[in-house]
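Got a structure here, written out as structure tokens. Questions coming.
We just call them A, B, C, D and E in the order they show up, numbering each chain from 1.
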Amino acid sequence: MSRMTTSLVPTVRVRRGSSPLRRVGQALTPVWLPLLLIAVWWFVSAESVSPFFPPLSDILVDTWDQWVVFGAWTNAVASLRNLFIGYLLGTLIGVVGGSLMWRLKYLRMAANPIIYFLYVLPAPALLPAMIAIFGIGDVRQIALIALGSIWPTLLNTLDGMRGIDTVKFDTARALRLGGWRTYTRLVLPGAAPQIAAGLRASLTVGIVLMVVSEMVAANSGIGVFILQAQAEFAIKKMWTGILVLAFIGTALNYLFVFVERRALRWYYRSRALGSS
Amino acid sequence: MLSASRSWLTWTLPIVTVAAVLLAWQAVTAGGWVSPSQFPTMSDTMVALGREVATGRVWPAVGATLAGWVIGMVITILLGLLIGTALAFNAFAQRSAAPVIEIFKAIPAIAILPLVILIAGSTLPMKVFLVCFAAFWPFLIQVIYGVRSMDPIVLDTARALGVRGARRFLMVSVPSASPYLVTGMRIASAQALILCVVAEIVGGAAGIGRNILLAQNTGVVAYPTMYAYILVAGILGIALTGAFFLLEKRVMHWHESQRNIRESNKVGAA
Amino acid sequence: MSASAVSTPTATETVLAVDGLRKIYNEGTAQANMAIDSVSFHVDKGEFVCIVGPSGAGKTTLLRCISGLASPSAGSVTFEGRPLTQVPEQLGLVFQDYSRSLYPWMTNGENVALPLSARGLSRAERASRVTETLHSVGLGHVERKYPWELSGGMQQRVAIARALSYRPELLLMDEPFASVDAQTRFDLEDLILRVREDLGITVVLVTHDIDEAIYLSDRIIVLSKNPSIVREVVDVGLGSERSQVETRASEQFLALRRHLMSLVMPKDAS
Amino acid sequence: ACSGGDGGADAGAGEGGGEPEKASLTVAINPSTQFAPLYYGLQEGIFEEHGLELEIIPQTDIAAIVSGLASGTYDVGFATVVHAVTANANGIPIRAISSIEGQIQEDDEGTLTIASAESGITDFAGLEGKRVATVGLSSHNTLTMWELVDRAGGDTASIELVQLPFGQMAAALDSGDVDAAIMQWPFAAEALAAGGVELGYNNRELFEGTATTLFNTSQSFVDQNPNTVQAFADAMAESIEGASADPETAKTALVDGLGITEEQAAGARWNIGGDPALNVDAFEVARDLLVKFSTDDSAKAALEELDVSTIVWPGAL
Amino acid sequence: MSASAVSTPTATETVLAVDGLRKIYNEGTAQANMAIDSVSFHVDKGEFVCIVGPSGAGKTTLLRCISGLASPSAGSVTFEGRPLTQVPEQLGLVFQDYSRSLYPWMTNGENVALPLSARGLSRAERASRVTETLHSVGLGHVERKYPWELSGGMQQRVAIARALSYRPELLLMDEPFASVDAQTRFDLEDLILRVREDLGITVVLVTHDIDEAIYLSDRIIVLSKNPSIVREVVDVGLGSERSQVETRASEQFLALRRHLMSLVMPKDAS
């Protein structure tokens, strides 16, 4: 966990290449491959008659029809609201719990086996138990998302805090910062890069659980949309759901990177300097 | 003497907590706080677990889940090493591929699960495909990072000493990137196991997940069995993760992080 | 800044008294390690004292005990007449490793302001004090930059500024110039001499560089090999005007140098 | 239209002429006691007599079974009439080749809708605006429930559906999470015992005299293995009749076949005494229901265009 | 080991010739940076040459060009009469940063054996050579230990042993003693002088410590500030018998010291 990386998105914009041609080339490098893949998909599927692989053009038209014209976007809204609340709750518990476990050694020793059990336990296996505890409805879906997002954040918070240089703690004592100021000025920012890595892993888990939580006992959401399409053999419809989910996943990911890059500017810039 | 008492605590404390949690479960369910139609008692679950183990029904399920996991992991690791190394050595290829990797990584494997089930059915290949899809992207990123973050001095040293070719790859490049590789494998392993079980639960492929599903479909009488299999899934997860931690400890004994861990264990952690 | 300066101490008043200090790491365990056997000395107000000794002698350990970061196994440390229990308010500490002691998530200005806000200074006071202190180390222009945007020597100057910002009466420094290049080192040595003149503070500096110790100090405390005792206390009568090229080439300097060398490296002594 | 009656024990090699092209078949089923005739046939060697060897694959997801048929993973697989119609409307060509249990009788007790005691619901009209648990949001059970509510004058659009496995419905009713559930035996017993109110048996009124539970295969399988399909259909027809004649033996066959207890097997229910033949009516009714409750215009158009008679392998009628 | 030793070179034979060397980083781009403008010098067989210059002068760059790790932008480097294209077999290199150039995943013995196996020595030969070389740097007992189990000075000695194990004819060292303490530094300086005597090798050493350069070398090449040219070549006539305490305090030493100081730090020169 300790060397968990976050993303391949370039950390600093490369300001090389004075000639305009070169700059255009630089700007095009990250986009040509996705565009090429989409083009390949478009042309290869164009003549497809297989019910499982409809032409991309049809899928796109259907996506518009289903999600905009027929108003399936309300599914996305419901799912995203659950994700948002569950994710916030889970990561908050993760950071606070990780901090407590960092501070209280015996709590850490005691809680370790339980936490690892829940961390590696495939969340869908918990669905029946979640229904038993939280009943049917949004609360259960939020609870499942929250429960799943706790662990990556918690473990990374703990790891990040344990990884802070002892010299920095000595410095805090030498400067007489006191407990709370040490926590807010040293411990939290010091562990921030790794907490961010944990938050991102939690987001991935959260999106998966958003879908999983809708597999049982739900009546709206992207997961329901996809599974219902599957049950109806409406494969084109299913493709639209996958497309929307892929879009949401990617968008949330890039949004996260965007926020993280700003919040942890010191970290990325110092690393970029250090490596050059 | 202080450290002796501490090491004593390090192994008793977890056992005590596990026991406490199990007892609390028993108390809550047997004491009638939670209806047995919603949650079985701990003792019933343990009896069911014992029965599944005694009759041997649990092993084919574990075997089927593990089969998907192993095949998926092998493919993931081989492909990841190959493609990751190739990408890491070429800045252009890497910059081109980065968005594609990011997008695929962001697609929850669960989203394509229904489609894969429709296309491949509830079979082992379906499970393996999903496992690879879930584990490959994060592992690939780790490989790229590992190869890329290699200290230039490490490579310069090899050149200065006249170490070349396969010897350099095996004795210098791989060990140098190994911290990232091992971490990547551990993350991939957890993802792979989760996807295996999900594929079984949703798609009904043979394995622990399907046994959970079948027990769930059977109704209240089978709840203890269902929770027994949930326990099995968790224990398998701990076993696999633990195995990777051990591997890391053995293979990476020379690495700073492992040395720090040893150090902090010795002194008793800050 | 020079308002509060006391250029020459009027009376010899003891700021720091170390008496029979002993430090044993991991006391009571199998790995017990006596770093310091018995060390006693005192530092007067306004004095510049250097502590030298071979590597592993326990210099860092001694400084940690003096500063209150570590507690001694036996003996006592008295700061301004009171026994030491925690790091005193009027103490400034500069660590050897500037890159680890500055907080990279704060700008240099914020780093310097940190102890000030802990001491409850108002925002306006803080701002003016930060600017003033950074100016005094010749870094007026880097307040809004981050530490990692500076060269090593500049970073070390920020760390010194941080320790000076709250106007400590005693400044402790642990090999502060060990990892900077020769030119910067000379600059920093002269800086610290100047600051000490300006603010009239007492300085205790740990180093393993004998030349540096002679160049800087009024008195040198020579520690023996581990477990350390005070081998000798050498008075340096070089006066307060010092110059890198001339002082270091002076007869007196060279005589002191020979003497200290023979103390530190007995086997080489002629 | 009945091939079951004269397909007697001597029909061994099948009357379509010739040996089965493929003797060993993979058969995907969704394990339940409705498969008593299948297990009866296996136990009594009926399939063997027809030159077939079956490998039974339990599979919980019917959508996966259907796609397995299309992709050739399975030779024969279970699906309801609703699945068969929607699959064909979506371009997946599967063909119904036999029933699994015979036609629905007028006193059918296969599927029933139960309301919890606290909900105060007494008839289908009362489901309006309530929360109902169903095994699949667009399943056969949901459609029949909607139709019955509609006939009773209720507004189907206001019903909130919750997808739950049968096993969890009783608990959900009990805890008040849902107001009603469309259930099956033996799960229904528990709900009724807890004071649940029986609203009606879904299939009795809508599908009487038809078969709704089917064994299917793909069009290409039918084309390539006509003798095999014939042999399977004959063996199934024979098994259904045999199981109807001797339900006790059929129930014991379930103990080994499904791995359930004697008591559970004793409570097994299927369409005992039903005619093993298929008829197109069921497909038409299902199609009409699907069209009626469809919210998707393009899906509706595809369903309306569908010629349901093509779904049924002619030999099965 | 001393079998192959040639205590005094019989004829002045040029081992290394650097002619008009220029190095521009990122040539042709906007950030083109000329590190070395034009440097020419030569090193004779058996000579000990030090290169000094201010920080950032391009000393490391120069060494990388000499060793064949980097290719010059202009000019030529000739090693034993042949132009340099890659790192020659008979060249030993010691990097400044021992902690990064020793491979932590290998024991010290394996580290030293690495260049030997690349040169195809048999297992038995390797084993005896490793033991012999480690002994010669006074580290016979650490063969089975890992580098990170040793102190900094010991690590640097292992790195030197590794460079010596395959008996190079020319040894290049980049600030090899920069990060070790004074005592160890003195030991290492004497070690390298002794080894050079024993094996009769040619040594080029980069440092920014003027004292060290005088103490060690036969000739000192003083580089200017960046982009560097050769400022002066200083002959050091201190003879071959040197002692830390006496040599450094000799009149001749101090005279050289003053001269070099004024070259390196023009503004401070008196």
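Methods note: contacts are C-beta pairs under 8 Å (C-beta built on N, C-alpha and C of every residue); 3 or more make two chains touch, one makes a residue touch a chain.
Note that the structure is predicted; figures quoted are calculated from it, not measured.
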Any chain that touches subunit D and subunit A: B
Chain-contact steps, minimal, separating subunit D from subunit C: 2
Remotest chain, subunit C as reference, centres from CA atoms: D
Centroid-based (C-alpha) most distant chain relative to subunit E: D
Centre distance in Å when subunit B and subunit C are each reduced to the mean of their C-alpha atoms: 50
Inter-centroid spacing, subunit D versus subunit B (mean Cα positions, whole Å): 39
Separation of mean Cα positions, subunit B and subunit A [Å, integer]: 18
Subunit A and subunit E: spacing of chain centres that average the CA atoms, whole Å: 51
For subunit B, residues contacting two or more additional chains: 38, 114, 117-119, 202, 216
Subunit D residues counted as touching two or more neighbouring chains: 63, 67, 165, 168, 171, 175
Where subunit C touches two or more other chains, by residue: none
Touching residues (chain side subunit A, partner subunit C) in the complex: 165, 167-168, 170-171, 173-178, 181, 185-186, 189-190, 192, 266-267, 269-270, 273-274
Contact footprint of subunit D on subunit B as seen in their complex: 35, 37-38, 114, 117-123, 202-204, 210, 213-220, 222
Residues of subunit E that touch subunit C when the two form their complex: 54-55, 151, 153, 179, 181-184, 186, 208-210, 243-246, 249, 254, 257-258, 261, 264-265, 268-270
Touching residues (chain side subunit C, partner subunit A) in the complex: 64, 67, 69, 86-87, 89, 91-93, 95, 97, 100-101, 103-106, 114-115, 117-119, 146, 148-149, 162
Of all residues in subunit B, those that touch subunit E in their complex: 151, 153-154, 156-157, 159-164, 167, 171-172, 175-176, 178, 254-256, 259
